[in-house]
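Pasting the structures in now, so scroll down.
Common to both upcoming complexes is chain A, partnered first by chain B, then by chain C.
Now for the complex of A and B:
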């Protein structure tokens, strides 16, 4: 007894210190998650006091009977794919240049990091003007260099709208990748490069055999952040195309919001959120597994 | 440690309001352009009655709509607020006990209060007998100003294109003819915020009311007439025709209304489809703009043209401790004098029809057509939101040329059948409970 109570007292004091954090976590993360989980089984308009239990019906509808939802997922996937390849590829190339002590490296660092700190809505409005079919900068310059026949209403054309949104997103997100990749590159001990050079390694050999293997954890981190950030794209869509023309630039978040606010289907929107969340978790786990395998090889 | 702190902060708020000896009415709204006018009226009301009315602004509209939803969920709605939502949401607010029934107040003294309003303005706040939402029939809101959406023509650009501006296009054929003239003159035609799909729906609905009339529209919503009927296909086809004749401003399908207003105000398009609020926008952007307002062109010459209208309305919180005072304030706010003041200060159409005669210029032209106003909210039943979405997005697809009117009609009908089945399933579940 004597040994139990002092232990309990000591432990109790310890728990007391973490109690505020536990309450905050519970209140703002765990409770909302379980609430969303609960609501996804109900038909509810978000206002009324009556909710109708519909079981898995909403999940069934989303998965098997909602082609627009899957179209929006595919469209977000397309933007993500472009971001993974082009945005991160470009970020890596520029990070490599800056890491090698390029002139005005600090200036580039600041310039490249400017877009990510701007609001998505502001960026959307700026690019709206660039892509504007009537008075836009892009069409103006195309005409100036004799390519006026290529001018079009970029954001209202179903063939180009989604790619234009992807370009805007990549321009905004590129700075994050650049900074993280640069930090990763700078953490590689210089002596590895010096030793390789003494052994006569070429630039390509150094990149392939030293930089890439040591950067794999950073690549994985950047990839996961890119996937999570891009799949949840929304602000740029709102300020450029509004999901149109037709459904051509709809993405999962815009569909969830449409269900919630325009159709008053809160329960259905919660179910969509869960399906979307699960898809993102699955993607992240997949990426981590690939990363583990790459590390082993 | 944290719990008492949070609890204290809440009790702190409650104490402040209950201890106050002056009656205070809290009003929530989103109308940033009316802040000064509301504050002046509140000051005048305080002088008159000693009651403090506090207008609290929450803008933009999306943020406001989200705020009242969350306030409803936590029973934290103010004494007076505006319901900026669809009819079904309004019904949910009423059924959840957040809105006070104002019928008896409106009907006292032979409908004295009720009769001061434009019928359409009041209709937006009414639930009729047998409405689909199961709301007790009655009047649940007080309109403070009204608006409508029409065609607006730039007179200078029309004259330049060789059009006699003493007679604006009244029929579809004249409208198309004007389009041809504008095209020949190299002047872009119709601009509107059709990236916000409700504005496409608005024009399509105007045409549908003109072509079919109320009964057929109602029958379609009830599922008795399919969207693949010739009348509906002709509605969709009008948009195809506008596109093919080069009448539409390029990029109109993803354009937000703000951008459309800017384009029209800067005389880069000859026609706009916009609401009466545009008068203020155009005035601030280009005071020299010469324009005139007209009803959209009639397709069916045997029937009149209807236009969409809206209202800014306030409701009284049923749970408010100062309910009667809140109603009295709204009655005062909608009296002729206060309404005239609001009309002059804000350049909007007043909800009190007797205050509208003092309006001048384009806003008066809008006000003249208030009797032509309709809205889906006037119907006892509402279309499924997903059907409306398929309808509006479908018209966007027609305009960008990726679908035919028939294909869109079929898709809308398919969505309709699916939603009807789903609604039947839900109804069965509800009855089972």
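Now for the complex of A and C:
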């Protein structure tokens, strides 16, 4: 007995090492995770005692009868598409420039990563003002170079608001893509390039035959993270347009928050979260499958 | 032969010139909005709508005093500092303690628990904040500082346990054995030996979590309703909503928000960039 008990006691004390972490994870991560599934089956305002079980009705409503939800998905998709092409394209071009051992490469790296470390709120509030219709910088410059007739209230105009938000988002994000792509490029052994040069390969050949194939895993990673990050855009929206004009810059996260805080439809908001989460997982799996196929060819 | 070399040199010069032009242009677009923010924060209310000059007519440092006091940014700033310190400190203590147990101690079932932690890192759950809010209501933690701190600690837990554990796994066992012979407890070994050796992990986690907490907005919006408890990001939105036209003060508030981030970044940029790329490549 005496030999068992001290041992048990010591073991018990050792469990105390992981206890705080387990409680925190269980309470604030695993519990909410399962709670979302439960709540998504109920019509509930978040306060009252009576929760009405509605089964899958809320999912059905979101998927078939909620055009604004799908509009918000499409708008986040539009920003994502622009980010994938323009933001990552720019990041790759800049990374290729710096990778050639250019002078001051270190300085550029520090500068390009400045926007990504700032908050979406701060960036949105600053750009708000650049795009302002009455006294914004953009209109001022347009007038200066004789294009004053193009001036408009950029973030309040249904034609331009979404694209302007996308521009702000890409300004914040390209430096991050640049850093990862540059690290990927620098991990390619230089002798590959030298060997290709000796064989008389042109710059374009080297890029197509050596750089791109070796960079595919990095490309896939950057693409997946761009999709996950951009689809969940919110801070920049709330600090610039707030979803307007009308619903023209609404995105999934802003819809979920609106359902929860403004309409007090907690169950519905949870169902939206699940539909959205599922869409994100599906997108990631799709991208990984495409990359696998690329690797095989 | 000589002509060929000349051609090569010229071609090299032109391509270098072009790359630098593009890089400098992009650099200017990165920095310009920040310079403009700062210069606007020093202008007067009248000047700001009339003059687009980057150089203010006079340096109204008083804007910062007004923003800090009447604008409430002093309170927001101290709140942000408090939240950042408590979340980062709590995260490092709790995760390193758990990681040490996962790495060293022989607990039955510890691997299963560890894998649950890792799995939690993989699943994206947008909208989890809805259920989290419901939980905080039940616990009476809505609109409390604790209610804002605890969820943020739990968010970083999986990743930092993973980082700490890989570190602890590489510490030679001999060091700890000799400490144990000299009568050091497991807790003492964690504090005096394991944690100091894991300093690089502490640094990486602290830097990234500091930026994340300082820039956090959604939780602050959902959980906190009292101005006295709000951090800077939330305070900026409140200020903008209430004093829409007072741009110099808003810009002063943004500058107050941004300066600590930029200072940390400039001192730590090597670690930050390494951290980003280490996780990725």
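Just so it is clear, the second predicted complex is superposed on the first by the 269 of 297 C-alpha atoms of A that agree within 3 Å, B and C clash if a C-alpha of one lies under 4 Å from a C-alpha of the other, contacts with A are read in each partner's own complex, and residues count from 1 in each chain.
Here, a residue touches a chain if its C-beta (ideal position, glycine included) is under 8 Å from a C-beta of that chain, and two chains touch if they have at least 3 such contacts.
Since the structure is predicted, the reported quantities are computational estimates derived from the model, not experimental observations.
Overlaying the two complexes via chain A brings chain B and chain C into a clash.
Once chain A of one complex is fitted onto chain A of the other, the partner contacts of A:145 are absent, as it touches neither chain B nor chain C.
When the two structures are aligned on the shared chain, A:261 is found in touch with chain B and with chain C.
In the superposed model, A:198 lies in contact with neither chain B nor chain C. Touch criterion met: A:157 reaches chain B, while chain C stays clear of it. Of the two partner chains placed by the overlay, chain B and chain C both lie in contact with A:20.
Applying the stated contact rule after C-alpha superposition, one finds that A:46 touches each of chain B and chain C.
Ranking chain B and chain C by residues of chain A touched puts C first. Of the residues of chain A, those at positions 20, 24, 46, 135, 261 touch chain B in one of the two structures and chain C in the other. Those residues of chain A whose C-beta lies close enough to touch chain C in the complex are 11, 13-15, 17-18, 20-22, 24-25, 27-33, 35-36, 39, 46, 90, 93-94, 97-98, 100, 102-103, 108-115, 117-123, 125-127, 129-130, 135, 137, 140, 171, 175-176, 179-180, 183-184, 187, 218, 221-222, 228, 232, 234-235, 238-239, 252-253, 256-257, 260-261, 266, 269-270, 272-274, 276-277, 280-281. Within the complex formed with chain A, the chain C residues making contact are 16, 19-20, 22-23, 26-27, 29-31, 33-34, 36-37, 40, 48-49, 52, 94-95, 97-98, 100-102, 105, 107, 110, 113, 116-117, 120, 123-128, 130-135, 137, 150-151, 153-155, 157-158, 161, 186, 190, 211, 214-218, 221-222, 233, 236-237, 240, 247, 250, 254, 257-258, 261-262, 265-266, 269, 272-273, 276-277, 280-281. Only residues 19-20, 23-24, 43, 45-49, 52-54, 57, 61, 65, 128, 132-135, 153, 155-158, 161, 240-242, 244-247, 258, 261-265 of chain A touch chain B when the two sit together in their complex. Interface residues of chain B facing chain A in the complex, by the touch rule stated above, are 1-3, 62, 65-66, 69, 72-73, 85-86, 88-89, 92-93, 95-96, 98, 188, 195-197, 249-256, 259, 263, 268, 385-386, 389, 393-394, 396-397, 399-400, 402-403, 418, 422, 425-426, 429-430, 433.
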